[in-house]
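First the structure, then my questions, so here it is.
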Amino acid sequence: MTPAPSSEALQAPLVVEFPFTRSLGPVQSAFLTGLRERTVLGVRTTDGRVLVPPVEYDPVTADELRDLVEVAPTGTVTTWAWNPSPSRGQPLDTPFAWALVRLDGADTALLHALDAPGPEAVHTGMRVRIRWAPERTGAITDIACFTPETGAAEASEPASHRGAFTDPVRGIVAPARLDYTYAPGRAQSRFLAALADRRTVGERCPSCHKVYVPPRGACPTCGVATAEQVEVGPHGTVTTFCIVNIKAKNLDIEVPYVYAHIALDGAGLALHGRIAGIPYDQVRMGLRVAPVWTEDGRYPDHYRPTGEPDADYDTYKELL
Amino acid sequence: MREVAIVAFAQSDHRPDTADVSEVEMLLPVLRRVLDDVGLTAGEIGFTCSGSSDYLAGRAFSFTMALDGVGAWPPISESHVEMDGAWALYEAWTKLLTEEADTALVYSYGKSSPGDLREVLTRQLDPYYLAPLWPDSVSLAALQAQALIDAGETDERALAGVAARTRSAAEDNPHAQLAGSAGPERLLDTPYLVRPLRRHDCPPIGDGAAAVVLAAGDTARRLCRRPAWIRGIDHRVEPHALGVRDLTRSPSARLAAERAGAFDAPVDTAELHAPFTSQEVILRRELRLGEDVSVNPSGGALAANPMMAAGLIRLGEAAAAIHRGGSDRAVAHATSGPCLQQNLVAVLEGDPQ
Amino acid sequence: MSKEPVAVVGIGQTQHTAARRDVSLAGLVREAALRALEDAELTWADIDAVVIGKAPDFFEGVMMPELYLADALGAVGKPLLRVHTAGSVGGSTALVAAAQVAARIHRTVLTLAFEKQSESNAMWGLSLPVPFQQPLLAGAGGFFAPHVRAYMRRSGAPAGTGSLVAYKDRRNALRNPYAHLHEHGLTLEKVRSSPMLWDPIRYSETCPSSDGACAMVLTDRAGAARAPRPPAWMHGGAMRSEPTLFAGKDCVSPRAGRDCAADVYRQAGITDPRRQIDAVEMYVPFSWYEPMWLENLGFAAEGEGWKLVESGVTELDGELPVNPSGGVLSTNPIGASGMIRFAEAALQVRGEAGEHQVEGARTALGHAYGGGSQFFSMWVVGDAPPPG
C-alpha cells in the first residue's frame, strides 16, 4: 500500500518546561551575590589575568580559581551584534545589541545586552556601563543590560575582594521553556486514525511477518518499513502485570489498580493498559480481556475481563 | 596504524519541515541505501554508532527510537554519541583500529523543525551566566562575524561572496535545501537578520539524515572501487566562554588539522562545516586553504545544515568526491558548540587513479 | 598488531547524595576527576583526551553539557567525546575511552560519567509527555515490575527474594563511604515490611535518585608501569544493543545481555564465570534484577538465579559477592551508575576497595544496562595484565 499523504500526518504542540534548580560553587556564588549588591567580581588566574565573569576553573590550565577581585561597572565593547527582534527570555524586549564587554580591570569579556537607540549608536570600542535591575536576586539578570557611557576607561588595578556577603546566594532557579510541534509520523498517524474508530490496527513486517502494535514505521528487528495494515484484537491476554499502590502525580486513578501488559489477539507483542472490572487481587497472567472505551478517550480507558477461560501459559510465554 | 576508509555515503534530501515522517521514517531509507551500496546487512556490520540530540526532538532517549531503523537483531555491537555524527564516525574509526571490527555503520539525523532551533541552542550555553539570557545562535555568530570585520579579516561584501559561491555550487547537489543565489551585490541589498549577518550569511534550518559505512583494509577494497582512506582524524575543544576566546581564530581547528596531517601535503578539496559565512573565513585560514582548493563544492552547511548530521555529511561529501574520482586528497571538517567551540578534521585520500 | 593492553590507574568518585547543593555541575564532575588524577598521581597535563558520558540532557536542562564542562575537565585543547547510551552509558563511556588506548590513539585518557538529578526531577526527565501517546500508567517501578512478575512465574522464585538482595546491598553500602544510602538501622524485617509500591516491588527494593560522578584514568602499558598503585587490567569489554520493543523480545533475560556477556567472557578467556569471577558489580536498579542478571550473565542456569541469592552466594562473604559496594540500590546518579560498576570492579582487583574489599579478588565483572533492557556494556578486569 502507499503511505498516507502527508496532510494526514498528525501534529500537536509539545511544551518542555521545568524550573531547574542549580546549586552554585563558591566562585559563582560570590559573583552572583555580588551582582545582587551591585558589585562585579572577577577571578584572578595563576598567570595574573582577571576573568569576568569569573569561572571556577582556569580555561588554560584547568586550575581551580578562587582569588576574587572587584572590577568596575564600566567597560569597553569588544564586539557586538544588533538584535532587531528580541525573543522570549532575552534581557530587553525592544531591539538591542548583544555585546561582549570587557569591564575595566578585567582581561576577558562578559556577554550581555546593550540598550542603544539603534545599530548606528553602537561600535566596537565604545564605552558602556552596567544598568542594574531594580530588583536583584543574585542572578546574571541582576544586570539589566549595559548602556552607553561617556567617560574614558579608568586605569585602576582591580582590588582584591573576599567575596563575603551576608546571606549569600547558594543556588539559582532557572526556568526553561521550549515549545515544540510534535509529529508522530506516518505509521503512528495511521494507527491513531484507526483508533478514532475504536479499531486497533497494527502493521506487518514484510520480512518477518510479525505484526507491530502500535506500529512505529520500521520493523525494529529487520530494519525495514512496515506498511501492510492488520487489525488486531479487540480481545487480548494479560501476559504480565503489576499492582500499583502509589498514586502517580499526573494520573487521576484510585489506587490500587492493575497495570498490565496485554497481547491483543493477532499482535506480535504486548501493549500496556489498566485492568478494571475485576478486583485487583484477582488479576492473573493469562486473563482474557477486552477494551473499554470512554466517550472522549483516544485510547481504551481500561480493559475488562471477557469471561473467556484463561489463556494457557504456553500460548503467550513468547510475548512476555 | 590500520587502514580505514569511508566506503559508502548516503543522505536524505534536506527539507525545512518533515512533519510527515517520524525520525526513524526519515532515517530508514538512508540506512537502506548506504547498506545496499556495499551489499551488507546490519547483522554483517561489525560496529554501529550514531549521533543525535534529545534537545532537538524535545524527547529524552530519542535515539532509542531511531535504532528501530537499523534492524538490531540479533543484537549488535552499538554505541551513540550526543554529538554530531562526525564524532560517531570518530568513535567507529577508533573501534576499527582496535581490530575488534572490520566494518562500521555510522549514522546521524536531526530534525530542527519541531522546535525553534535558535532558542533550543541557547540551552547549550553556560547554565549560570549565559543560558538565562537566551542569546540565540545567530546572534552569537554575529558577534563572531563583527569581531572578524573589526579585525579587518573580512567585510560584508566578502561574506556575501561566500554565500553566493556556495549556494551556486549547491545547484549540483540534489539533496540541498537551498541552492542558487543572487550575486553578492544584490545580496547586500537585503536587510540584516542580526547585524552584521544577513539571511544569506546564515544556514537554512531544516531536517535531514546521513549515513556512512567504514571498512578496514582489504574489506574496504572489496566493498568500494576507490575507498576514501582516512589518513588522519582528530578533534579538539576550546574554552566555553566566548569572552575568553579570540573569536577571530580557531586554535582547536588548527590543532586538529595538524594532528590529522592536513598540512603534510596539499589537498584539492575541502568540505567545511561552516554554518555561517564568517566561519568559512576563519576555517580557511586555520586550515591554510588556498584559492586552488575547491571549498564546499556541495554547498556546505549554507546549503543544508541538518543539526547533528551536517558534520558527518561533510565527511561523506568529501569521501564521495574521492569515490567518484573528483578528488585525490580532501580535508573534511565538522564543528559543534557556539562559535566553533569544538572542531574535528579528517584527511581523506584515494588511491592513485 | 595486537591491541594495546588497557590499565585502570586512577579511580575517583564523588560523595553521592540526593542533592549536592554545595557544587555546580562543573564542581561535581571536577570532584570525581581530581580524585581519579590524585589516585593515579597524575596532573591535567598528563591527560591526552577526555571521554564523558551521561544520560538524557533534560535531567540537568543543559544541551550537550560537555561543551560548558570542557574547562573544568581540563579538556581545552584536547579531544572531548560525549557518549549517551541510556542507563548503560557509564559503562559504554569507559569502553569508548578504553578503545582509544587499545587502538594506540591516546596513551592516557580521563573518562567520566555524571548525573546531577537534583537540578530537575528524574521522573520528569524520564517521562516528558509525548502527544498522542498513551501515558505510562505506573511510574518508574511500574515499568519494571511486570518483568519481575514474569521472572517469578518463569523461575518459581519465592516472593522474598527481592528483599534478600535489597538487605544485602544496603548493608554492603554501610562499608562504602561514597554510597548515597547509609541505612544503619535497617533489618531484613524492615525491608520485607516496607510498602509494596508496584507489587511485586517494595519500596526498599528500589534505587534512590542521586547526584554523583565517577571518573577513571585509563592508560597503556607504559603508563601502568609508572602507576603508584596496582592497576586493574582490562581483559575484555563489549557492548550489545537490541531494539526497545519487538516481537519476541525476552524482557526477563534479554539476548543482548547474554551475547554481551558471552563476548566479554570469550575475550577474557572465561569459560566458567561462576568459578572464574571473584566479584561482580552489576546494574541492579530494582533488587529483583540481581537473580535475573545472575541467569542472564551465566552465573546461574535459567530459573536458578534466586537460589544463589537465597543460599547467600552473592553476599559479601559468599562465593560470588555481587555489588559489594552497595550497588545501584544504594547509589544511583543514573548516567554515572554504570561507570561506578566498572570502577568498583576495578577497585576490587586492585585491592583498593577498602571495607567492602572482597578478599583475594583477582577477576571482576562490571556490568551496566539501560533503555528498555536493551543496551548492555560490560568489562572484565583482572589484577594481572592480559596474556599476550
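Each chain carries a letter (A, B and C) given by its place in the written order, and its residues are counted from 1.
Rule of thumb we're sticking to: a residue touches a chain if its C-beta (ideal position, glycine included) is under 8 Å from a C-beta of that chain, and two chains touch if they have at least 3 such contacts.
In UniProt terms the chains read A = OB-fold domain-containing protein; B, C = Thiolase domain-containing protein.
Keep in mind it's a predicted model, so treat the numbers as computed, not measured.
Participant: Farthest chain from chain C, going by the mean of C-alpha atoms per chain?
Facilitator: Most remote chain from chain C, centroid-wise, comes out as B.
Participant: Can you identify the chain nearest the overall CA centroid, using each chain's own CA centroid?
Facilitator: Measuring from the global C-alpha mean, the nearest chain centre belongs to A.
Participant: Using CA atom averages as chain centres, what separation in Å is found between chain A and chain B?
Facilitator: The separation of the two C-alpha centroids amounts to 25 Å.
Participant: Using mean CA coordinates as chain centres, what's the chain B-chain C distance in Å?
Facilitator: The mean C-alpha positions of chain B and chain C differ by 33 Å.
Participant: Would you please write down the residue numbers of chain B that are in contact with two or more other chains?
Facilitator: Residue numbers touching two or more other chains: 55, 58, 65, 67-68, 72-73, 120, 123, 127-128, 131, 239-241.
Participant: Touching two or more other chains, which residues of chain C qualify?
Facilitator: Answer for chain C, listing residues that touch two or more other chains: 24-25, 58, 60-61, 71, 76, 128, 130, 243-244, 246.
Participant: Specify, in ascending order, the residues of chain A that touch 2 or more different other chains.
Facilitator: Residue numbers touching two or more other chains: 14, 16, 20, 22, 24, 28, 55, 59-60, 174, 176, 182, 184, 188, 219-221.
Participant: State the interface residues of chain B toward chain C in the complex, per the touch definition above.
Facilitator: Those in contact with chain C are residues 1-2, 48, 53-55, 58-61, 63-65, 67-68, 72-83, 87, 90-91, 94-95, 97-100, 120-121, 123-128, 131, 234-241, 251-252, 255, 336-338, 341-342.
Participant: Show which residues of chain C lie in contact with chain A when the two form their complex.
Facilitator: Answer in residue numbers: 19-27, 30, 44, 58, 60-61, 71-74, 76, 118-121, 123-124, 128-139, 141-142, 145-150, 153-154, 195-201, 243-252.
Participant: In their shared complex, at which residues does chain A touch chain C?
Facilitator: 10, 12-14, 16, 18, 20-25, 28, 55-62, 64, 170-171, 174, 176, 182, 184, 188, 192, 208, 210-212, 219-221, 239-246, 248-251, 253, 256-257, 259-261, 268-269, 271-274, 285, 298-299, 313, 317-318, 320
Participant: For the complex, which residues does chain C have touching chain B?
Facilitator: Answer in residue numbers: 1, 3, 24-25, 56-58, 60-65, 67-71, 75-86, 92, 95-96, 99-100, 102-105, 125-126, 128, 130, 238-244, 246, 254-256, 259-260, 263, 371-372, 374-375.
Participant: Mind listing the chain B positions that touch chain A in their complex?
Facilitator: Checking each residue of chain B against chain A gives 18-25, 28, 31-32, 42, 55, 57-58, 65, 67-73, 113-116, 118-120, 122-123, 127-136, 139-140, 142-147, 150, 192, 194-197, 239-244, 247.
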